[in-house]
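This is the structure I have questions about; it appears just below.
Residue numbering begins at 1 within each chain, and the chains themselves are lettered A, B, C, D and E in the order written.
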Amino acid sequence: MTQQPILAARGLVKRYGKVTALDRCDFDLYPGEILAVIGDNGAGKSSLIKALSGAVTPDAGEIRLDGKPVTFENPIAAREHGIETVYQTLAMSPALSIVDNMFMGREIRRSGFMGKYLRKLDKAAMEKFAREKLNELGLMTIQNIGQAVETLSGGQRQGVAVARAAAFGSKVIILDEPTAALGVKESRKVLELIQDVKRRGIPIVLISHNMPHVFEVADRIHVHRLGRRLCVVDPKSITMNDAVAFMTGAKEPPSDLAAA
Amino acid sequence: MTQQPILAARGLVKRYGKVTALDRCDFDLYPGEILAVIGDNGAGKSSLIKALSGAVTPDAGEIRLDGKPVTFENPIAAREHGIETVYQTLAMSPALSIVDNMFMGREIRRSGFMGKYLRKLDKAAMEKFAREKLNELGLMTIQNIGQAVETLSGGQRQGVAVARAAAFGSKVIILDEPTAALGVKESRKVLELIQDVKRRGIPIVLISHNMPHVFEVADRIHVHRLGRRLCVVDPKSITMNDAVAFMTGAKEPPSDLAAA
Amino acid sequence: MSETASKGQDYESSLSSASNRVAEFEDTRKGLIHRIQHALHVTPALVPLIVLLAAIVIFALTLGSRFFSPGTLTLILQQVQIVGILAAAQTLIILTAGIDLSVGAIAVFCSVIMGAFTFRYGIPPLFSIPAGLAVGTAIGAASGWLVSRVKLPPFIVTLGMWQIVLAANYLYSRNETIRSQDINEQAPLLGLMGERFQLGGAIITLGVVAMIVLVVVLGYCLRSTAWGRHVYAVGDDAEAAELAGVNRHRTIMSVYMLAGFICGIAGWVMIGRFGSVSPSASTGVVGNIQSITAVVIGGISLFGGRGSIYGAFFGALIVGVFELGLRMAGANAQWTYLLIGALIIGAVAVDQWIRKVTS
Amino acid sequence: MSETASKGQDYESSLSSASNRVAEFEDTRKGLIHRIQHALHVTPALVPLIVLLAAIVIFALTLGSRFFSPGTLTLILQQVQIVGILAAAQTLIILTAGIDLSVGAIAVFCSVIMGAFTFRYGIPPLFSIPAGLAVGTAIGAASGWLVSRVKLPPFIVTLGMWQIVLAANYLYSRNETIRSQDINEQAPLLGLMGERFQLGGAIITLGVVAMIVLVVVLGYCLRSTAWGRHVYAVGDDAEAAELAGVNRHRTIMSVYMLAGFICGIAGWVMIGRFGSVSPSASTGVVGNIQSITAVVIGGISLFGGRGSIYGAFFGALIVGVFELGLRMAGANAQWTYLLIGALIIGAVAVDQWIRKVTS
Amino acid sequence: QEDIGACIITKTDTNPFFVKMREGASAKAEELGVTLNSYAGQVDGDNEAQVAAIETCIANGVKGILITASDTAAIVPAVQQARDAGILVIALDTPLQPVDAADATFATDNFLAGELIGQWAAAKLGDAAADARIAMLDLAISQPSVDVLRDQGFLQGFGIELNDPNVWGDEEDPRIVCNEVTAGNEEGGRTAMENCLASDPSINVVYTINEPAAAGAYEALQAMGSSDVTIVSVDGGCPGVRNVADGVIGATSQQYPLRMASLGIEAIVQYAQDGTLPTPSEGKDFFDTGVALVTDNPVEGVDSISVEEGLELCWG
C-alpha cells in the first residue's frame, strides 16, 4: 500500500468526563476500497467515525484528507468535503416525513418562476425519487411515503438513512452499522448497494457486527479494541475466527499486523 | 400441540391513519417454548408485540392469557401479569444512569429505618447488581456504571435493556431484536441467557432478523408477513432458505403449515 | 440484482424471487366520517378552526345578531390583529423549540422608535418606519446569536431581552406619549395601518390585512420552501438536523431576525390601531403570554417542530371571540377573566378530544 | 458458559477465552483543575453556586460593608424566601417537562383563604392554615388531572388556572386587605413564618428556615427515593418511562399536588413576611415568571428530566443578590430592570461557559 | 455636613404620573444636595417590591422615604420598620391606612378628583343625566385603591348610589352600561371602549381612569362612529390637558405630583437638619396638594380652571 490514504487519522483522543472513548487511535482509508471496522460494543467505533465526520471534536490528534491536515468544525464542513455519513443514531427528524428527511439540506426546487423566485419545492419530484430509492433497497412495506419518520418501523427508518447517504455521497461514504435493524432481504440489498458504490470508485467505511457480511464485502478490516486500532487484517488471508479472537481480546494479533 | 397456549391472540387489527400495521393477525405462545417471530422490515412484528404487552391498544381482536381474555390498559398492567418486554426502541430514560434505568419501577430500598421511613434507595446494592448483570452479558467496556444512558454506545444501551428484562421477567419474556446492535461476543451471551431463561421454565418470544440465531434457539418459528401470521414452521423440519422464502414472499407456504 | 445474491449466505438464495410490490391493504372503512377523520389527520390546523367556528356559533346563538353581525365579527379581527401578528412571530420561534418572551416589548419599542424618529428628530416617516423595523430585526439578531452561538436557553435570552427592551423603551421615550392629533396632522404614514375600508357592515383595516397576508406568506414559506423544512427540522431535533446537513446557526438566526422584524410590523400596526404612540402599552408586558397562548391553543408544540401557523392564527381568534363574546354577554370584568381561563382550558380539551377521536 | 459456545457459528469458537476485565484507561490528566472539573461534572448545581458567589464578591467589592454585612446578606434570604419556595414547586413541575404559570396565584389565594377563614368565619388559625394548604393541594390536583388524564399541555392548563385562581382570589377576598395589627392581635399563628431570630447581625425568619428545609427535603426525595427517580424519568421521556414500568399518572398527580401544597406554604410565608394578607400581592401576577427564571438560571432544563433543585435555589439567590445589589448601588428602577435583564443573560452565559470548559 | 440620603418609592414607573413625581423629586434633591434613589413596583398593586425597596433604603441608611403605597394597609409593617430605624416616612399621593402610620402625608384626594368630574358631567348633561348611558373604564381587576377612589368619586359626583364604596362594579344603577379594565393606557382604553360599544352603542358618558385610557377610548368612539359622547378623566398631564383643548376629553381633574414630591424632599431635608416634622393642612389629617378641574366648558356650581391655566400647571 504505497498509495496515499484518502482519509487518515493519527493519535485521536476523545474523553467524556471519566470515560475514555478514543485512546490515541489511528485510521487509514485508501481510495476505492471497502474498509470494515469491527470491535466490541463500546470499543469506540462510532466515536472514531464521529470524529472523522466532524460530529465531535477530538481532544487531541490529527485528521488528514488527501494528505492535508483538516479540522471539521461541524458535519456540514465534512459534507462539503464530500464525506457522507450514516450515523448509528440515524440523525433523522422524527416529526418530518420520509421525503423531507431524505432531502434535508438538499431539497429540489421547482423549475421556472415558482422555484426561482418563490423558492417552491418540487414535492412530486422528491417523492418519486424517494420511492425509487426505497424500492431499490427492497423496503416494499412502506405504504405511505409522506409518513413521519417517527412512525416507521426500526428497519424502515434505517433503510431511509442508508438510502439518503447512498444517493448523495461523493467522496467517502461512512456507514455505522447500516444493516443492524434490517431484515435478510433488505440487508442483502444494502450489501449490493455498497458494492455498487465501490464500483463507482467511492471508498466506503463499514462498521458492522455481522462477520459474514464483513468478510464478504471488505477489502481490509480495521480491528478496534479499547479505543484504538489494534490491527488491520486482510479478510482473504485470515479466518473469521481469528478476527473475532483479536477483537474480543481472546488472542493477541501477531506483531507485524499490529503495525499495519 | 394439545397444550393450552399461555399467551394467544386472534384477529388483531391495528391501523395508523392510512397505514395498516396489523391485519387480522393471530398469535400463540405455548408454555416453556422459545418462539421466534421473523418477517420483513415493517411487516408488523413490533406492532404485534406492542399489542401483546399493552403498549398499544389494537383496533380489533382479542388477547388471551392462560385461556382467559384480557385487555391491557397499559404496559404496567401487562407487567403485573408477569409479561416483561424489551422494546425495539429500548424504552430508556436517556438522562438517567444505567442503574436508574435498570431498576426503574422496581427500586431497592435500604433496610432499616432509612429505608422504611425515609424510603432511601440502596444505591450500593443496585450498582452491584447492575454491574453483575452487565458483566454476565460481557459488556466489559462500560467504564462508569453511573453513566447516563444517552452517552452509551448503541450496543451498550441494548445490553442494559436486555439485562433488565432478563433479571425481572417472571411469566413471559418478549425480546424485540435484542441483539441487533450487539457485537459477536455480546450476542452470544444473550443467546445463552435466553436458553438459561427457558431452562427456568419461562417462555420467550424472540424477534430477530438473524436467521442462524433463530434456527439455533427457536422451538417454533412464527413467520409474519404483511401484518399477519403467514405460517408457523418447525426449525428442525425446514431449511433456512425456505423460511426466508416464505417471509419475503418468494414462496407460498404449504397449506397445512398456514393453518398451524 | 440477483447476480450478487449468489455470493450471500446459503439461506439467501431464494431472495431473487422475493415479492416486489409495495404493500397494500384493502381499507374496509368508508364514508363521510372516515373522510373527515382523514382530513383532520392530514391538516391538523383544522381542529382549532372547528373549535373557533363552534365558539362563534355558540355566541351567535346566545347573543343573536348583536354578536353575529359583520361589524362585530370584523371588530374581533381588529382586536386580535396585534396579538395575531405577534403570534406569527412567536410561532416561528416556538417551531425551533424556543420561546420568545420579548415579542410584545419589541413591538412597543419599535413603535416608539418610529414615533420618536419622526417627531423628535424630524425624520420623515418613510425612513423612520424602516428604521423601527430595522431595530426590531437587530434585537432579534442579538437574541438569535445568543441562542445559536452562545447556546443559551431561549427562555433566558428572551426574558433578559424583554426586560432590557422594555426598560430601554421607557428610558428612550422618556415616558412621553405622541398624541393621535399630532400623528394625523404631521405624519399620517405612521398611522397608515389604521386605515379602514368598509364592505357592507364589515370594517377592515390595513392592519388586519397585514396580519392575514403575513400568516398566508409564512404558511407558504414554512410548508413549501427548503427554509421552512429546516425550521421544522431544527425544532424537532437540532442535533439530528445538523448531522443531516442543516445549517442550524443560519436557520436560527433567520428565524429570530424574521421574528424581530415581524414584531416591528406589529409596532407599526399598533400605531395605526391606537392612533397614538405610547411606551406604556400593555402589549409590552402581556404580549408575550398572549401570543404564546394563541400558539399553544393553535396546537403548536412548545417542544418544537410540530404544528401549523394557521393553528396559531385560529388560536388568536378563539381568544378574541371568547373575550368579546363574554363582555357582550355582560359578564363583569373579574368574572370574564375567570371564565376566559376556563374557556381556554375547555377549548384545548375539545381540541384534544377531536384529535383523539379522529386518530 | 462455554458449554453452549460450541453450538454457535464456527467463527465464535474462540469467544470462551475473550477478555473478562472491565475496560480501564490510564488517566494522564492530574491535579487540582482536573479535580474541579470532575466535581463540576458530577454536581452540576455547583455551577450556579459559583456564579452566585462571584456575584456576591463583586457587589461586596463595589458596595463595601454596606452590602457585605450579615444583616444585608440575610436580608437577601428574606427577600427571596417566597420566590425560593415557589421555585421549589416550579422545579418539580418543570422536571416532569411541565411548566406552572399558576404558582404565584395559588400562593396568594391560599394566603387569602387562611386570612378570610380566620377573620371572616372566625375559624382558629390552627384549622384555617391547613384549610389554605388543602385548597392549594386541591388546585394542584385539578391541574395534575387535566395534564395527566385529559393530556392537555401544562402551559395551557396552568395558564387557565392562573386566570381562574387570580380572579377567584379577587372575587373571594372582595379586594380587602387584612391589616397586620389585626393579625398580630387576633391570630399571631398566621404570621408565624415572619418570626425572626437574631444571630449576631444576621436576621433569620422562620420563613427562611422553611424555604431551606423545603429545598433540602425535596433535594433528598428527588435524589434518593424511588419517587424522585420516577419524576426525572417521566420528565425525560414519558413514554419510555411508562413502558419501563413507571406509573406516569400517579407520578404526575403527586407532583402537581405537592407543588400546590408548597404554593400554600408560600402563601403562609407571605403572611409572615408582609405582616398582612393582601389579595393584590404582585406575586400573583409575576410569581410565575420569577420562579421560572430562578429555575432556568439554576440550570434546570425546560424540556424536563435534567437539573437539580439546589440549582433553582441558587438561581433565586442570584436574582436576589442582583436586585438588592443594584438597588443599593442606587440604579433607578428602569436601569435596574435593564441591568437585571443583562445580568440574567450574563449569569447563564457564564454558567454555560463553565460547563463547556469543564466538560 | 453629612450626606443626606433619601428614597422615593412609586407604585410603578411606567405611568407618566409617577414618572413626573420622580422627576420632581430628583430635581429638588439635586438642588438641595440630597442623594436620591428611586424605586418602583412592577405592576399596580405590587406591595412586595415596595417592601423590598423599603428594606433596601433601611440597609442604605437613608434619612427619609417618600412612598406612594400600592397597598396602603399592607405596607404598614414595613413602614413601621423604617420609622423604628429613625427614618422619616412621608406618604405621597395616597394616605396609608391608618393615616398616622406615616410621619406625614402629602396627597391629593383621589375621591374628590373623581367627584369633580362626576359633578361636571352631570351638570353638563343637565336633565339628560337621568337617563345617561355610562361606560366606566377602570384600571385593573385587582382594583387598586386609586382605581376604586376615582371610580366611586365619579359615581358619587354624578349622583349614582354607591354600594360598597371599597369596590367598583357592584353598583346596580341601570345607567352604568359596563365596567371595563384598561391598564391605564391607550391600548387598553381602545379595546375596553370597543367592548362597551359592542354591547351598547348608545353610550354618551365615558369615565376613564386616566388620560391615556381616555385617548384610547376616543379612538374607538371615532372608529365606531359615535359622536356626542362626553369623556371625563383624571390626572392633568400636559398631553391630557391638550386633549381637553382639542375636545377629545371634556374635563379632567388635575393633580400635582411634582409639587408633592418636591415638598417631600424639602421636608426630609428639614427633618435631617433639625428633626422637625411637617405639619398637615388645616382641618385635615394630611397635607393636601390640591385638585383642580380643567375644562373649557365650565358649568354652574363646579369650580374649574381653563385649559390655559391647566397647561401652565400641567406636568409632562
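The rule is short, and it goes like this: a contact is a pair of C-beta atoms (placed from the backbone, for glycine too) under 8 Å apart; a residue touches a chain by one contact, two chains touch by 3 or more.
Since we're looking at a predicted model, the values are computed, not measured.
Using the contact threshold fixed earlier, the set of chains in contact with both chain D and chain E is C. Chain A maps onto chain B through a rotation of 180 degrees [Cα fit, steps of 5, range 0 to 180].
At the far end from chain B, in terms of centres built from Cα atoms, lies E. In this assembly, A is the chain whose CA centroid lies farthest from the centroid of chain D. Separating the CA-averaged centres of chain A and chain B is a span of 28 Å. Averaged C-alpha coordinates put the centre of chain B at 72 Å from the centre of chain E. Distance from the chain B centre to the chain D centre is 40 Å, each centre being the mean of its Cα atoms.
Chain contacts: chain D has residues 11-12, 15, 18-19, 23, 25, 166-167, 170, 334 touching two or more partner chains. Shared interface positions of chain E, defined as residues touching 2 or more other chains, are 13, 43, 141. Multi-chain contact residues of chain A (touching two or more other chains) are listed as 17-18, 20, 42, 89, 140-143, 184-185, 211, 226, 244, 248. Per the contact rule defined earlier, chains pair up in contact as A-B, A-C, A-D, B-C, B-D, C-D, C-E, D-E. The touching residues of chain C, counted against chain B in their complex, run 10-19, 23, 25, 27, 38, 41, 359. Residue ranges on chain A touching chain C, taken from their complex, read 55, 74-76, 79, 85, 87, 89-96, 100-101, 104-107, 109, 118-121, 123, 135, 138, 140-143, 164, 184-185, 188-189, 191-192, 195, 212, 216. In the complex of the two chains, the chain C residues touching chain E come out as 66, 72, 75, 78-79, 170, 174-177, 179-181, 196, 203, 270, 273-276, 278-283, 285, 323-324, 327-328, 330, 332-334, 337. For chain C in complex with chain D, the residues that touch the partner chain are 97, 99, 101, 146, 150-153, 155-157, 159-164, 166-168, 170-171, 289, 292-293, 296-297, 301-303, 334-335, 337-338, 340-342, 344-345, 348-349, 352. Note for the complex: chain D touches chain B at residues 1, 4-5, 7-9, 11-12, 15, 18-25, 220, 224-227, 229-230, 232-233, 236-237, 239-247, 305-306.
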